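Every chain is named by a letter (A, B, C and D) in the order it is written, and numbering of its residues begins at 1.
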């Protein structure tokens, strides 16, 4: 598999089909892998792929510094491949000018991350090629959101107190935003000050406002790569916020972001038949 | 330096309160005496300390800056553009661009602003005695030059010929236009005004062209002269070779850097250019000093 | 001060984000018709429900609101053809997030009120005010607002 | 001869402090896999082992991430300013890592050169730092590379060394520490020691000598292109101290506050005119590393880094001071060969 990957990358660069291959490197086998940007065929030996390859590399497709390098090929796991679909649907990338190399994946992390335990895209979809083999099992919708059950069994007051406690640790480093492939705005609303909608202070309220904003701007767009959760230095389980919205999106609109490249984005359209039992 | 030493005095209160004097981030309150519109998006403001004693004790040197605040909006850094000889008030000038300046646009006489300072170094007006002075400015850079011009005019006998080259995009963008006219009437003062091509009006009597070219053509004598050049980076970049050609040495060319600042007291860490904290060791530098800095401004 | 007394003395602050074309005119009509409704409501007019950023709802609580009302044109009546349809879809999801985080959903209200429905406006405001008065101040949220940093 | 305290007596001591109204902070489990320095409610909250480094640093207790500088009230055209609440409470930080404690004397320079920051200084005066020497380290630790180590005493008032049998040796470093522990310890023959710290990751002397002339080095781009532009490194760092000053309030009044800020954000140096002196991410990473190993040391002597490894540990792309300097040293040495 690794040979195939390096061979593919080498060929793409040698044939000048792409200028840069965005992949994973790893200096220390005991440490995590990290993004590398390979521009010369001979450097493709640096590429690795294993269960320490956490990053969703599609984030780099919209970065100024990386765009400046030219045409890119990007390595994606099944979950990351979904963000390529959303980026294309939202016109952030020209899908034809990006080479997407899918990597069959049996989960990352030891033990596997939460997202991997309910993954049904071990084989990446909508890519230009897939390297390796992995078996996919259908996952029932309710299993995807099983983690929410415990939280939702609490009272509203307890839930609010829980989030208040969790978010009191947030330092507003914006790692959750920066690693997110869907957070591609040129200037985030949190960085705007005319008016200052979200306080810049890392107080519990400021953090709550920020996380509500982040989660909801990702509503029906978040592909569930969970990079925000992994990147959070304070270990806040942001995954739960994303899951709430993913569940609602799937239940109410039968839509899972990034799964179907031709489906209309939920918040980009409407139906006159939308439920409105909550509106008086 | 004046204000810094006074503030070093830490007369802490026993109950843990941080006293007014200790709190280096707490501004003095100042009353707005006058607001003048200088161009479509530039206004100048005259302020007086609300506390009379504080006003009497205050002094600064031309070239220093202050941190002005509009409560509820935040702080902004501006050069104190009045002469240090003017005792009852200070002035600053701003262009409407960000959150604070947009809100400042609406202030009127009698409003209260905050002021911290003076901060930073200053123009070496003493060392410039006996020299011919060349002031070159572009756009909103007139105010930080204006304080030095007035200072020199008030100590007229100390300085030689004064040449002022000032350019803006259009005629309407020239700030302190009335003072330019007044300076032009003074003895041994030459004022060269210019606007970018296309920015002139039918009755425009000044030059048409960019500051570097106009400076080159103006035939300014460079012997025994120092130059103060302030303006947008692109203007400075093209004016420097002109000054070199005229024969000015790097140590005789001064500028004032405008890095983004928050604290003004060498703590918050954003204004540095290489090893230099612009708010403490600047903002005034000679070209000789700037050449030693990494290009980080 | 006893619990009952607190509630009795308590005047809820209610923020209403309304669209310019229907609910605002409905409120206006309520006024010209001399229909009385509680002064606890603070009306903020926006061009369209489609413009009502969800951040505004959060902001209202941050500024001390005890309940929020969002109201606009009935489906099919939007001045901009479809703003309220987009808004409706957004709220369908946003309510889920608010609920999951633990907002008291009895303090978030959505209504459609047309320019002719002065009576409905009056009823809604009375209803929300009384409901909120019964709930008391939004203490759970105040706790978050006042949480210390270090 | 040494002074020792049993684990139980230490917990009782913490309990006594809490009871006396002293605010005590220490490593505490805040979520399943998360240990943070946080205020303790009960003595048993305090962890004295089982983790390498909390996800934050003790700078939070001296230089909080959000702090009111003063209040303002707007009354018509007049403004009234009010001093912040008095900072009078006595505080103890227990179980600090040596790399965190060492950051305090480093920060002292910044907050006291020329202008003195009263908020920081008041907290320094009021806080006693009790440090627990390290027995373990991970791949990200590199204290030995910046001249510190698992039992470095710098910045600590008291040092604790783990002994066998749930005992700690207590070494008082300062008078403040001595006063805190006076009468609380027993005399013993046992002395504590720590295993060697992490192997050196880079040659500090070489880098200090070289870095000043490497502003234009291509290594900055090569080594930092993957930076995500978040502030995780700066906010978990014990020595990063950049901040922003903002107004928060409504039409009637509010506070002016000092909030943490980080040089990795594009907004950090963005001028109102739109000009940005540090326009690309590698430029911002260069600023961070050069601030720590060139700008600050040129001014104050020390390096602005204690080798805690939090930057790399908490980086989503495994990029921190250590990884950048390793790459830089390799590149610069190769270039001279």
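One rule holds for everything that comes next: a residue touches a chain if its C-beta (ideal position, glycine included) is under 8 Å from a C-beta of that chain, and two chains touch if they have at least 3 such contacts.
Since this is a predicted model, take the numbers as computed values, not measurements.
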{"item": "Pair joined by the larger number of C-beta contacts - C-D, B-D", "value": "B-D"}
{"item": "Inter-centroid spacing, chain D versus chain C (mean Cα positions, whole Å)", "value": "44"}
{"item": "Centre-of-Cα separation between chain D and chain B, whole angstrom", "value": "38"}
{"item": "Euclidean distance of C-alpha centroids - chain A vs chain D, Å", "value": "31"}
{"item": "Where chain A touches two or more other chains at once, by residue number", "value": "199, 201-203"}
{"item": "Residues of chain C whose C-beta touches two or more other chains", "value": "149"}
{"item": "Where chain B touches two or more other chains, by residue", "value": "98"}
{"item": "Interchain pairs in contact, sorted by label", "value": "A-B, A-C, A-D, B-D, C-D"}
{"item": "Contacting residues of chain A [partner chain D, same complex]", "value": "27-28, 30-37, 54-55, 59-60, 63-66, 166, 169, 171-175, 177-179, 191, 199-203, 206, 227, 230-231, 233-237"}
{"item": "Sites on chain A touched by chain C in the complex", "value": "148, 151-152, 154-164, 168, 189, 197-199, 201-205, 208-209, 212-213, 215-216, 219-220, 240-241, 244-245, 247-249, 252, 266-267, 270-272, 274-276, 278-280"}
{"item": "Touch list for chain B against partner chain D, complex", "value": "4, 7-8, 10, 12-13, 15-20, 22-27, 29, 69, 71-75, 97-98, 101, 110-112, 114, 232-233, 258-260, 262-263, 265-270, 272-275, 280, 294, 296-297"}
{"item": "Contact set on chain D toward chain A in their complex", "value": "30-31, 33-34, 36, 55-56, 65-66, 139, 225-226, 228-232, 234-236, 244, 246, 248, 257, 259-260, 262, 265, 267, 280-282, 310, 314, 316-319, 323"}
{"item": "Parts of chain A lying in touch with chain B, wherever the complex brings them together", "value": "193-194, 196"}
